[in-house]
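Order of writing sets the chain letters: A, B, C and D. Residues in each chain are counted from 1.
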Amino acid sequence: MFDKLITESMGKSPWLFHINAGSCNGCDIELVAVLTPRYDAERLGYKLAGSPRQADIVVVTGPVTKQSLPRVLRAISQVPEPRCIVTMGSCPQSGNVFRGSYSVCGPLSKYVHVDVDVAGCTPKPEAVIEGLATATKILMEKRQKGGQK
Amino acid sequence: MSMLQHFPICAIMAYFLGAFLIVVFGRNRALRNLIGFLSTATPLCLLTALVKPVLQGSDVIAYWMGSRVPAGGYAIGIALEVDALGLFFGLLIATAVFVAMIYSFSYMSHDDNEPQYYTLFLMLCGGVMGFVLSGDLFNMFIMIEILTFAAVALTAFRNTANGALEAAFKYLVVGCIGSSCILAGTIMLYAQAHTLNFAQLAAFLPGNLNTATVVAYALLFIGFCTKAFIVPFHPLAADAHGAAPAPVSVLISGVLTKSGLYGIIRLTYILFRTMNLGTVQFWLVFLGSVSMFVCVTMALAQHDFKRLLAFHSISQIGYVLTAAGLATALGVSSGLYHAMNHTLFKGLLFLCAGAVLHETGTTDLGKLGGLSKKMPQTTVLFLVGAFSISGIPPFNGFASKWMIYQATYQKAVESGNIGFLFATIVALVTSTLTLASFVKVTQSVFFGQLPKEYENVKEVSFGMRLAMGILALLCILTGLFPGFVTTYLTEPAARAVFGANNYINAMLGTGYAQNFGLVDALPVSFQAAGVWSPISWLCLLMIMLLAVAIVAVSSKYDQVSALAKTAAAAEAAEAKAGPRYGSGALAEGKYELFFGGEESVFSQVGGDDLFWGFKHNWRHYFSFMHELHSGIVNDYALWAVVALALAMLYAMIIL
Amino acid sequence: MSIIVDGLKYLAYILIFPGFLFCFLSGLLLCGIDRKLVARMQKRVGPPILQPFYDFFKLLGKETIVPVTANKTVFLIAPLVGLAAQVVLQLFIPVFSFNAFHGVADVIVILYLLLIPALSVIMGAAASGSPYSGVGLSREMVTILAVELPLVLVLLSVAKVVGNAIGTGLCFSLTDIVNYQLSHGSLITKLSMIPAAIAMLLIIPGETGGHPFDAAEAETEICEGMLAEYSGKPLAAYKLSHAVKLLTMTTLFVALFLGGIGGGIEQALMTSAIGGAFCFLIEIVILFLLCTVLVALCCSFVHAVTARLRIEQLFKYYWTVVTGLAVISLVMAWFGL
Amino acid sequence: MILLNYLASFFLITLGLYCIVTKHDLLKSVIGLSVMDYGVNLLIITVGFNPGGTAPIFTFGELNPASFFVDPIPQALTLTSIVIGACTTAMSLSLVIKIREMYGTTDTRQIRRLRG
């Protein structure tokens, strides 16, 4: 029962850690917009954490530049299990307009297992919330799977 | 009783004899250590044997050297007199000295001139012990000279260390001014009373206060202040501690300052107990509060481990002086309690600083860091000391500080003098500032990141850990059983402080004090000295255990680590299957520090500007203080002279 | 026999009320209410009131990572010590006429016990070795220094007022302070206590690290400061003890200034023939409501309308404005107003 | 006569202190200390001095009933004090030598590594 409580709670209190992997800041602003009064993601328990140690969901924006790649990976690795990786915007998925640049290493899924992709340039807040909700579900699943083993 | 009578002189002589024997036989290490051990263990045993009659039975042991007992009410010979107050300080000293000696065996083993070190060490101990057990003013002066010389020589012992010689010279100059004050004061008292015996002076003076005796009080007071390093003599302590070897620091802070305090208490409450006590109290409390605050702020500005500890030492002495100056039973009792605690925790902290110096070769807070991984036991011991001095319950500093707050506040309410209230507030704030500066030390020495050059640092040897362990244990015990300490140690001593008649009669025969028509200065009441019930601490312990148990149980059913493992395995499998960049790249940085995603580099947050937010607001004060502590010996001498002049002026005004 | 009964009684105090269970429930609930209120004031929907519970249980289910640079023992034990000390502190504060440890509650003991949770966070942060934690702990320590002086003055002035009234001259015992109020009405109705009460209201957010005095935990600036390296269970313990601290500070305020309310309730209830246990329960509810009002007043409202202060501004603010208020109170108390 | 002694001792002590406070040379500081010591010694002697008193070493056979002693205790004290003074001087001089070796100067204004 205690276990179930924890799994339930995991679905209700996902904390975000936001990594900017060379983004144009459009997605970053949009992510913040999700938390402001109009869309208020906090009503679902979403909260921006200051340190990856406290996060459940990592939100990556930007095309993953050469400069940022090792840092992104390092920060992701420092998030404790169970964790979910969400890419926000088209950049981390395809490179978007930066594709083909010498300094772009993306997509992110080349390096880590990405759980949710939220496409768009930039994605609408509704889409972001939807994506996060999906990620939360995956988080709960991960927790349950880990619990069974 | 007849046997016990010889114990005090034996205790003193054991040190001096040891010093002599080490000069003769000191070349052999084993023999030297044996002599050192025996000559510090013997006085401890002898004085412990006196606990029962003196502290519990409130006997006073008078010992006349060469059996020159007083004739016709005149004390001719040199006397030792051990009352509860003297024995209390004697026990403190014997304990601290014993521990410091154990520590020295390993700590000093790499120095040359070891025999000289032990000789001076034992001379210092003998001097202090002679001082507190003496019943004769001139004898006290002699002992003060012995201990000053020994302390100066020990300060300069590692004369290649930065500033050791300089510190020794400054200490010598100001210390000699203090000694001369004591001598002059002694002589002025002699001129009036024609006796040097404490008991006889105590009987004579109350009825015969005049300008000369009051000036003598000021002179003696300033002299004892230089020994206790009360403000304005605190820079000397800082310099001396910074340069001296750690066990000597223990002696200087735990033992030498106590002798000064003992002198002040004896002087004020036994000899000059009929002076205008209200104003004298105010004076003592004022000096104590100033010492407290000035030294703790000076400590915040330090970046050398031992120098910082030295300033704290004086800050705590300020507490003792404040409490002892209240002239209430509770005040004196709490002051003595804090004096005892000061010896214990300050000794512990200095020994920890010594351990750090021994292993790393530096005490610069900016250079150290992360030692807790290399020296875990020293860290724990240091934390015990740090919590004790900051007055965190349930360590001993809390018990005594709590009593001091009660005492000062009670005094403020009783006398209606808002100045004493000020002392309470200063004491409380100082306590927090103390905590702050020990957080700084903990952060920049034991926690944080380990610099590369200290990768090979090891835990200190068993002997040193044993010495620190004894003190840490005492810190905890005296904190957990404050009722025991107050009942059996400090209250008898406080009673002795106010029992001048008892003191006089024991020395000069029953009825002598009444001959001079004296009454006990102050009634003794310990009603307010009750300390909280220990059940609360048991509860704390229980809750702690409960919390630990809950965690232990819950981690048994913990699936998280399993989860992490499976996730890592899946990651690895995926990395193997798909053409991924840098397989296993994710696991790499997991257990490193978070640096905003950067690879972790060495970036220790040092102690220097840790409390910037505080210092910024006080920047004018700090720069003023920095300029004031100029390090020029003339300035320090000037302070001494000014203090002397003010003390004499004040004494004459209040007469 | 009586030892066993006493033991069970104390066990009940520790485990249920005012110990763990009460602290856990009402502390987290207070936190949730605080967050909800802030959200409403900012015209957001806000998280559910039970959000802190979800956060807490979620953190229990997360992996605990101990960084390589950390001193593992201190890093893991510090949160537990902090939590335990916080709960003990709650035990010492009387709830109207109910007092778990009679005669032990002493304002100076409380002053020092308040230090321990903060100190344990500091020690844990230092033990993690992170530079963010280093900066955070320095700010936390300065915050403690800043808050300590006005807090001391407030406590002394309360001690003086009550001491004057009951004739002992000084009264450090919190039990006596509350008992006095039970029979003579709340202290806040005294003129001299109003500045002290305002100062205390300003101290509460400082002590609990609330806005705008949260320079130590500035998450956007120094990555959660002291908690930068904490994850999983220790973090849960910290979050819990932070929540309990909110409860403790508000309960302390109630005990110091609003104790008289309990007397009124008791009288009202005793006369209306609903006695004993029910009265006690109502008192607990009233206490909780009072705490909520205080949190709304000094945490939520202040949070919603202010921006974070820099650490030296914070220090200056406390040592001038708040200390000034407390000094006014103390001086008035001293001259018997 | 006696007053002169007191004045002289007071003068010596003040002179010594003045020297210590104002002179920026280690050696002069040491001299100041010695001078102060002498002043105190003179004070001790003066306190014990009885005008017309005899030395307290005669036996009863050599004394008449009218003769009285100079107080012997201060003299013993002075002896001790002189010895201590000599020790002080010796010790401080040895320190001065070492400081001179290490710092290359005896100017107090330059010997201030420990400050603040």
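One rule holds for everything that comes next: contacts are C-beta pairs under 8 Å (C-beta built on N, C-alpha and C of every residue); 3 or more make two chains touch, one makes a residue touch a chain.
Only a predicted model underlies this, so the values are computations on that prediction, with no experimental measurement involved.
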Neighbouring chains common to subunit A and subunit B, by label: C
Geometric centre: closest chain by C-alpha means: B
Higher-contact pair (C-beta pairs counted), B-D versus B-C: B-C
Centre-to-centre distance between subunit D and subunit B (centres being mean Cα positions), rounded to whole Å: 32
Interchain centroid distance [CA atoms averaged], subunit A/subunit D, Å: 83
Centroid distance [mean C-alpha coordinates] between subunit D and subunit C, Å: 63
Distance between the centres, which are taken as Cα means, of subunit C and subunit B, whole angstrom: 34
In subunit C, residues with contacts to at least two other chains: 60-65, 132, 223, 228-229, 232
In subunit B, residues with contacts to at least two other chains: 560, 563-564, 590, 592, 594, 596
Junction residues of subunit A - those touching two or more other chains: 51, 53, 78, 80-82, 143
Chain-to-chain touches, reported pairwise for every pair that qualifies: A-B, A-C, B-C, B-D
Contacting residues of subunit B [partner subunit A, same complex]: 557, 559-560, 562-564, 566-567, 570-571, 574, 580-582, 585-590, 592, 594, 596-599
Parts of subunit A lying in touch with subunit C, wherever the complex brings them together: 5-10, 12-14, 36-37, 40, 42-45, 48-51, 53-54, 56, 78, 80-82, 143
Subunit B-facing residues of subunit C, complex: 10, 14, 19-20, 60-69, 71, 73-74, 80-81, 83-85, 87-88, 91-92, 101, 103-104, 106, 108-109, 111-113, 115-116, 119, 122-123, 126-132, 134-135, 137-139, 141-142, 144-146, 148-149, 152-153, 156, 159-160, 163, 169-170, 172, 215, 223, 228-229, 232-233, 310-312, 314-316, 319, 330, 334
Subunit C residues within the subunit A interface of the complex: 35, 39, 42-48, 51, 53-58, 60-65, 132, 218-220, 222-224, 227-232, 235
Residues of subunit B touching subunit D in the complex: 138, 142, 145, 149, 152-153, 156, 159, 162-163, 165-169, 172-173, 176-177, 179-180, 183-184, 187-188, 190-191, 194, 196, 235, 238-239, 242-243, 301-302, 307, 626, 629-634, 637-638, 641
